[in-house]
Every structure is written in structure tokens, then in C-alpha cells.
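Following this line, the structures themselves.
What follows is a pair of complexes built around chain A, which joins chain B in one and chain C in the other.
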Partner chain A sequence: MIGLKTLLQIQDLHTYFYLRKGISKVVNGLQLSVREGELLGVVGESGSGKTVTAMSVVNRVRMPGKVVKGKVIYQGQDLLKLSEEELRKYRGKEIGLIAANARGNLNPLVKVGNQIANVYLAHNKVNKKEAWEKAVEMLRMVGMNDALRRAEAYPHEMSGGMAQRVMIALALVNSPNLLIADDATNGLDVTVQSQIMDLILDIVNKQGASGILITHDLGVVAQCCSEIAIMYCGQIVEKGPVTAFFDEPKHPYSRNLLNSLPERRITQERIELKGSLSSPLSLPTGCVYQTRCPYVMDVCRKVEPSMLHVDDNYNVKCHLYQEKTENRGSANEKLA
Partner chain B sequence: MLYLRDFSYSLRRNRGGFIGFLIIMITLLCAIFAPIIAPYAPEEAIVEDSRLAPNSDHIFGTDETGMDVFSRVVHATRIDVTIAVFGTLLSLLIGIPIGLAAAYREGLFGEITMRIADVLQAFPVFILAIALVSILGNNVQNIIIAIAFLNAPIYMRFVRSEVLSIKQRPYVEAARCAGMSNLKIMFKELLPNSLRPTMVQASINMGWAILLTAGLSFIGAGVRVPTAEWGSMIAIGAPLIITGQWWSSFFPGVAIGITVLGFALFGDFLRLYLDPERR
Partner chain C sequence: MRIAKYLGKRLLTFIPLLIGVILVVFVLVRLLPGDPATRLAGNFAYGDTIAALRESMGLDKPIWQQFFIYLGNVLQGNLGESWFTNKPILDDLIVRFPATLELITLSILFSIAIGVPLGIVAAIKPKSIFSRISTGYGFFAGSIADFWFGLMLVFVFFTTLNWFPAPIGRLDLTITPPLQITGFLVIDSLLAGNWNALMNSIAHLALPVLTLGLINVAPIMKMTLSSMKEVMESDFINHAKVLGLSDKKVMRYALRNSLPSIVTILGVIYGSLLGGAVLVETVFGWGGLGQYVTQALVNKDYSAIQGFVLVATIFSLFIYLFVDLIYMIFDPRIKF
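Here is the complex of A and B:
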């Protein structure tokens, strides 16, 4: 059940990377909120800042990267204001992170059972034996055959799918309220992908947690999520319920994305996707999508569009919808 | 028991490791049972039997003062192996934690420790060893301290450079994102993954410590003369080589060579054995 309470709210997040070439504005002015029990899919092409957003949420952006502005409010607490020590109570306990490339995220010298047990030990006052039993139980829960024996295995002895299951077990061992899956099925074959997705969904539903699913697969979002957010150049350009989005996407970029799926062409018109993402080193003034937008207007080149509230829970960041919403007031005002 | 069986199985599959293990075992047995194995006391000089070539009574011959070379070679394992093992262990105990801390807390602390290591390593090793031993006084305990002191910067550097690169690995980042504490990340993630090159170096240094001890004794700064020690035995025998009595230097030299080889082979095996990916 989707509650009405907001669990996580990201306000005006800016994460920059200070490089020799200049300032790379990977995330700039990102707005996003996740309600309790909601499963939000964040979609965007490579380099649009999805992973950096996930890292910013747990405040793990390292030099040369830095969160320069914004708030990440989790249950009323701004995570960006906490010290490392205070953050530890949230990481892994309140917010679980499943990363892509599972094998690389596991310590090669520690048995996977012990790795899960260690994460459990870090947040619970239990002894080693209890933690180990919990780890085996978690492995069983993520559908690992012969969990008792598998817990004794080292990461290199596992297949990609098994390692990913271990990562999920690791992220869920403390029953977090928010699960962030950052491209969790990357590099797995299609059958395993769907198993892993089913597993994540199943567990999120069982534990009543919320989830952010970061992916570039629209199909996965259509199947699993209740809400969708489209990311482009470090901004959310469109956000709304999945059904409404797939019925009629608003933002020109979203329309293009959907058109790219052959089986789901929603309009007869064929829109060419020209060019690529604007470089985060030199973002244009105005709308970030102006370089590729077929409907680009003069105003797009000068003024950055604000997040417009076009329908119930439905926001889009585009000047095309300006007139339609003028009498409603902008979404930003409503959010504030 | 299971561990023991696993160990012996791996050892039998690795020929080099097996030979190394055998050499170390024989050396240890020599050290423990020296008085039983050796037919004579190590410092028992029979003047009329001096400079005898190897024969049935003295299988390695006798030296200038008439001491039995075989008995002395056997007894010397006690001193040389003690110095090698404890010297290396002590330097590991000093070097690893400092290297780990220097890498974990980069910045000023890391800089200062590394510059101190630079200074220590800028000295020629042997000269520094001579200086240390002559300041502290030449006995076994001080030679161990000197060896630890000389080797510690090497381990420090190894551990530091490894930790610096491992710090950036995704699994360390993942551990942090899972809320693990600093200490746990240091000792569960960083340290075990950074010990590989240190293990190799330690096994080589074990042999190197014996050579250094021998070198110190050779110039008279090590173990005092009548005491059986390979280096000083070579020193005593060296002038005799010219006159054809090669045995009193040759056998202790061979003993050093074999022991060093044994430690190096076993160290190499140990490195593979402890790495779960290559077992």
C-alpha cells in the first residue's frame, strides 16, 4: 500500500565534480520525493547522473565530487547535514543500497556469509553465531539453493546472478525502509534479470519498504514500479504515476524515449533523437534538453523551465506546458 | 583437523612449497635437537685436530681452532633462525599498523610517517645495521631489534601503497554504504586485502635477515666470536680458503643458502595458499 507520508525528499540537489577541465555539473537542481511503500523507477540514459544521485542520497560522494547544494530529507532528517558517524546509523540500516557489478562490491577475501553477518553485526547487538544464522536465513530468502553451503563460499566462486543475490541479501539484512537498487540487474542475462527483479519486488512488498529503482530499462519500470521519474542531465524532467506516463508521456524527451521502444510506439510521428546528452561541463542556459528538442522555442534557450504541476502527482519540466498550468500555479510553489 | 588436511593437501600439490616446508622443518629440528644431533659441543676446541678435512669423525671437517664444523653448523641454526623469525615478526608488527594508519589517515600524519621512512631507507642498510648494533651492543636481542627497525619501513611502504589503492575499490565503498565502522573497514576490508605483497616480502626478508646477521658477524659486529653462528664461521674460515681448507667456510655458507631458499619457497606457497581465489 502506498501511504501518503513522504519518506524521502530530495530538494534542489546539486552535485558537482571539480575536474581539471572545469566543473562538471552532474546533478543540478534535482527534485524528487518517495512516499512510503512506493516503488519509484528512475530512468535516464548513461551519464544522466543516476548513480551520482544515489551516492548523494547516502552522502558518499567523494572528492573531486561534492554535494554543493540541496537537501536530502529522510523522515524529517537532512542526511547531508549529518556527520559520518551519525550517517552510519542510516546506511545499511535505514537505507539499503544494491549496486551494479555485484562481484566488485564484495570483499574477495571474506566468505559471503560472513560479509552479510558483518553488516548485520554493525547495526544489531547480537553475537557472531546469531549473525551467521541470520546471514544464512537471508541467503535462503533471496532464493539461494543450498544456502548453508553457499554462505561458506567466496565471491569468486559464485556466478554473477548468485553474487547479485548476495548483494540483495546484504542490502536487506537490516530490513531497511528504503531500498535503492542502482542498476541491480546490469550485466546479468535476461532470465536472471527477471528473477532478480521479481525477488526485489517480492521482498520490498513483504517488508513494506519503499524503493528507488535506477535503470535504463523502461520495460522494467512499466512492470514493477508505481511511479516513474525521467532523468536528463542531472535533472528530473518528468515524474508521475507509471500508468499515466505510459498512456501519455508529456516531456518531449520522454516521448522520444518511448518511441525508441519498437513495440510501444505511441505516436505515428517519428521523432529523430539527434545528438547526445549535453556535456555536464558546459550545460546550456535555459532548458537542458534544448539541444535535441524538436519543439524548441526561444524561451527554452533563455529561461530554465520550472517543474510544472500538470495533473494529480504529475510533474513535467517543460515550457510547452506553461500555458496549460498557468492558472494552477507551478509545482514548485505547491511543493514548498 | 580439517584445516590441517586442507593444508597438507595443498602442500603436496605445490612442489616448491613442499621443499620449502621440508627445509624449514629440518632447520627447526636441528635447532631444537642440536645437542643430540651434533656429535661435539659447538665451542669444544681440540687443538691437535685443527684444520682436518671432512672425514668419518668430523664429516664437515674442523676449523682453525679444532672445532667440529658440523656441530657448529647445527648449533648455529638456533641463533640464526631465532634472529630471522623474530626480527621479521617484529618488523611486521611495527610496519603493518603504521602503514595502514598512514594510508587511512592521509594528510599530515601520513606525510610525516612516510618522510621518516624515507630517511631510514636513505641510509645504506648495512651501515645502519652496524651503527644500531654498536649503539645497542652486540647480542642476539639487539640484532633482532636492528633487523626489525631496518625492515619496518619496507612493510610500511608496501601496506600503505596497497591500502591506498584498495581504499578506492567498490567493495570498500559498499562496506561504507552498509554502515560499517572505520575500525571494521580497516581490519576486515583494507588490511586482509593489502597483505599479499607484504607476505612475499616477509618470506624473502626472513632469508635476508639471516644474511644480515651473518654479515654483521662476519665483520665482528654481530654475535661474539666463539658462539656458533653461520656468518662468523664463514669469517673465521675465510682466510683458510686460500690455503685450500675450504670446508670451514663452505658448509655454513651452504646452510645459509638452503635456509634462505626454504623460507622463500615456503613464503611463496603461503601467499598462494592464503589467497582464496587461487587455491
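Here is the complex of A and C:
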């Protein structure tokens, strides 16, 4: 079960993309930690920097993007300080990553069995035959019928769901301690989605690994995760245990997000988010949510809120709770 | 079995293609200014001599009649006779074909041996000195004329340094050529155990092969570079790195996926070299097909020109067929 030891800690992560139009601050001072055995759901709308965060963890942000600042501390080691060669020992071995778009992420010209075997070979001293057997075993584990024959197949010969299972096998073949599933069920139909989710949860539980589930589906997080983090404009604006979050989300953005679920709607009137997501090319000074926040105050436009500790394991990045941490109660009255 | 069916189908498509090419060349050749009968009879011939000559050459008949006579002959494997050498065109071509084939085959092998590795290195380490050298070389080789380059090599290595034999033909006149088996002097003299002929033919080959080879390194290198670059930026290569595959393995993935484009450009270059080596053949007095067809063009030797184009077309068609077959081996997504 959830231990107290922190497995992964991301501190003040900044990942920028250097575009012709200017610097796009896609991840912008992100703080996040994952404890051992914890399953954390990271939720945010498209463009909030979820995928780039996942890639930053293994320091594999693609050009013209770059991690410019921050620490990614995994078991006491700052991964961002390692060389490519040293990082390779973590990638695919300690940290497994499942990406969306399985088809595009599989090598079209190599048999899936060999692709899995190659990942196993990269981190273990085994011969090719043993690696191949491991690959077949992995395919069986991710629920492929006829794994032996499937291992001989090429990605284009598989359905989307099967290709996604191959992605999972690739991520799990070295039994990583941390699994990052980035929108792993994107583009699959609903029944396959739930199969894939069940599979990921089942394996994470069996292997005792920690997981980060990146999604824009609050329902998935509610069902599967123990912790939730809400991402907005490259920052985590709220993080806490799932139960506490769904009981009472704190950040104005989270409240809006939750209200947007039909079954969770508090009032009958339709809630509209005013304004749009701030462009990462020109983030406002102060709070990133100020352009849409109904409770915006003067201070929000000037000072960036810090991550406030409001409850056990519960953090919010909002000026409304500045007083609450000092003088509990008043912020909630304001929100109500 | 499927492959036999595919080959049959492809070979059938050759027939209309070839008839089309024969027709077009037949007409184009006759659009050239100047009259072959006058050219053959000489400037001082009488009008009735020329008229008699025209009749014997079959040039007095309407063009469509000429065409069908020619087509009928070609279908029986008779390409006509040269008006100038008085020998069957087919014999002339067969005698000269191996010389050109040996030259262009060795040249393209040389270009592959240099161009492909250079392109790979330039793609993998875009900022290295290697990459800059090869880009600069691409510009250089792409902008100079092959015959000029050949002349320079002759000037430096024959005239000045005298390291290589005079640029006249494939062997010194004093050397007895080996028994013709393949028509490739290097292979034939090796088979015959004729050491002198072997060394001498290699010495004669060196400069023209270097000329064509070094020039054709440029497109091959550029194609390798650009297709490797494109593949290196693809999702699946990125994911392979995320999974911690070694640089060597990642490079192999990338190369495997760039091979189809590289093979295509190789096919195009090889096919075009058959007639494209004309100037280099002339510089080195090679006595191959290129030189033969140049002479035929000057002499308005219609059948010789048509015969050469036919052979060159068949050669290119087979090269492209071969390229397509290689494609199928490389890419499992392509089915017959």
C-alpha cells in the first residue's frame, strides 16, 4: 500500500519551447510528488502541458523544447543532471512510459515481439532467445490471445486496442517502479478503454509500482487513483487525495472543472468558463488562472500564488486560501 | 507463387511502355535537323546518289510505314543495322554494354560506400564537423560537371603524377584481354587468373570510377541525410529513446526505416547512369554505350539511337522492378 517514502519529486520544473513566435512556456514552475505505491491522476485540458511534463521526467522533450530549470528527483537522484548514457538506465527500466497514439509510437518495420525483446535486451544481460520468450510472455500478460503468433505481427496488422496493449508490454517489460500512462486510452472505444485501464491498474497493483495516470477524464481518476493533481497552464494548481478532492475541490478552476461534469453539477444553470486558456507564449504575471477566475483579486494579477498546504497532503495554488491557511474558514465563505 | 504472379503482371506492363518509348523516340529522332542520307553520302554527292541512298535506307517511305517495318523487326529481335558501322545494332550494343555496366556498377558501389555512411553520420550528429563537411561536399559535388572533374583527375593523376595509365580505353594495348565470360574485365581476369590484366583494368577503372563515384556521392548522401533526419524525428524513434534503447539500436531502427528512400534514389541514379556517363566515357575513351550513342547522334544513325534508347529503357525498367521488389522485402506493409 501507499508508503511514506517519496519516489518521485518534481521541483519547480520549467520546460520551454523556443519557437519563432517566441518562448512558449509549456511547463512553468510545476511541483509534484509521487509516493511509493501511489497512483496519481494528473488531469488537465488539452494544451495544459501534461504530455510535456511526462517527457520532461525522462528528459526526452523534443526539439525545439527544452527543460530549462527544475529538478526531477527520482529515488534521491536528480534525473535532469544525468547524461544521456546514465539516463538510459532509468528510461524503460525504472520508469516505463505508455504514450497515446500507439501506432505512431511503434516501429512500423519491426515485429512487435522484437520491439519488446529489444527493450528487454537494452536493460538485461540475456540472449536474444530469452528476450523473445520474455516478449511473448509479456504479450500474454497484457491479454493477447495467441501471443506467439501476435509476436510475429507488425504494428499495421493490429487493431488500435492491440497496439495499445503492445505499448503497455513495452513499458512494463522491465518491471518499472514508476509507470507513466500518458492518455493511454486515447482514441480507443469505450469498452477497450476500460479493458486497458483495468489492465494497467491490475499490473501496477501486482508489481507494487507507482503510477502517474495522465488524462483529461476525471471519471477515470475518480475510479482508479488515490491522489489527484489538477494541471493548468503548465502548473499543478491543486493536489490532494481523490476522496477529499471530489468532496470539495478547492481551486476555482477545479470547481469549474468538476461542475462541467453533468452528474456533478451543483446548480442547474450552465456554467461557462469565461475567457480561454492563457497562451503559453504570453502568460500573465501573477496567477495563471486570473483571466478566467470569477474570484479574481488585485493580488492575483501581481503575485504568483505559492503552493499552499491547506490540509493533510492537500495543496492548492490560490490566493483565496492564503487567508485560510492563516485564518481557517474565511476563504470557504467567500467561495460559497 | 504470389510473387510470380506479381512479376508476370509487371512484365506485361513493360510491353505497352516499350512500344510507347519506341514510338516517341522514332518520331523524335526524325525531328532532328539534317538528313542521314546526305550525312552518309558526304557533302559532294549528287542528288540522285542521295536519292538512291534514301531509298536503300528506307527513308523514302511514309513515316508510319517506316515505323511499322521497324516495330516488326524489333519484335523479331532485330534492331536494324548501323548505317555507319554496317553491323547489326544489337551486336554493337552487346559488345559495348559490359564496358559501361562495369563502369557504372563500380561507380555506384563506390558512391554508396561513401555517401550512405556520410549521410548517416550527418543525420545523427547534426552539429559535428563531419556533418558540416558532408553538407559542404554535397554542394561542391552537386555543382561541378562530371567531365570537368574527370579531366582534372586525369590532369593531376596521369599528366602530372603519372600514377594512373593514360585515359584511353579499359586496358593498355599491350595487355591481352582475358576470355570474355561476364564482360566485366575485373571479374573475367580474376576468373582467368590473369594478374596483369586484373591490375591493369583496375588502374584504368580507377579514375573514371572516381569521377562518377565522387559526383554521385552527393545525391546519395543528401537523400540518406534527409530521410534519416525525418525518421529520427518521428514518434517511434522518440519512443524508442524513451524506452532506453541504445544509440546503436535507435540508429538501426532509423536506418531500417530510411532504406526504402535510399534504395529508390540508388535505382534512379543507376538507371540514369547508363546513358548519363556519356561525357565521362568520352573523356576516358571508354568505348561504352554512352560513347556509341554520342557517335550515333552525330551521324544521325537512327537505328543505333533507337536501339540504345530501347536498351536503356529496358535496363531502367528492370532496375525499377528490382527496387520495388526490395521495397517489399524492407517494408512489410507493402503487399503484392
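We adopt the following convention: the second predicted complex is superposed on the first by the 320 of 336 C-alpha atoms of A that agree within 3 Å, B and C clash if a C-alpha of one lies under 4 Å from a C-alpha of the other, contacts with A are read in each partner's own complex, and residues count from 1 in each chain.
In this text, contacts are C-beta pairs under 8 Å (C-beta built on N, C-alpha and C of every residue); 3 or more make two chains touch, one makes a residue touch a chain.
A quick note: this is a predicted structure, and the numbers were derived from the prediction, not measured.
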{"item": "First, second, both or neither for A:F17, with chain B first and chain C second", "value": "neither"}
{"item": "Partner chain(s) touched by A:F245 [first = chain B, second = chain C, both, neither]", "value": "neither"}
{"item": "Contacts of A:L109 with chain B and chain C, given as first, second, both or neither", "value": "both"}
{"item": "Partner chain(s) touched by A:A99 [first = chain B, second = chain C, both, neither]", "value": "both"}
{"item": "Chain C-contacting residues of chain A that also contact chain B", "value": "58, 60, 88-93, 96-97, 99, 101, 104-110, 118-119, 122-123, 154, 156, 170-171"}
{"item": "Complex contacts: residues of chain B adjacent to chain A", "value": "169-171, 173-181, 184, 188-189, 192-193, 275-277"}
{"item": "Complex interface listing, chain C residues touching chain A", "value": "233-236, 238-246, 249, 253, 256-257, 330-333"}
{"item": "Partner chain B, residues of chain A touching it in the complex", "value": "58, 60, 87-93, 96-97, 99, 101, 104-110, 118-119, 122-123, 154, 156, 170-171"}
{"item": "Sites on chain A touched by chain C in the complex", "value": "55, 58, 60, 62-63, 88-93, 96-97, 99, 101, 104-110, 118-119, 122-123, 154, 156, 170-171"}
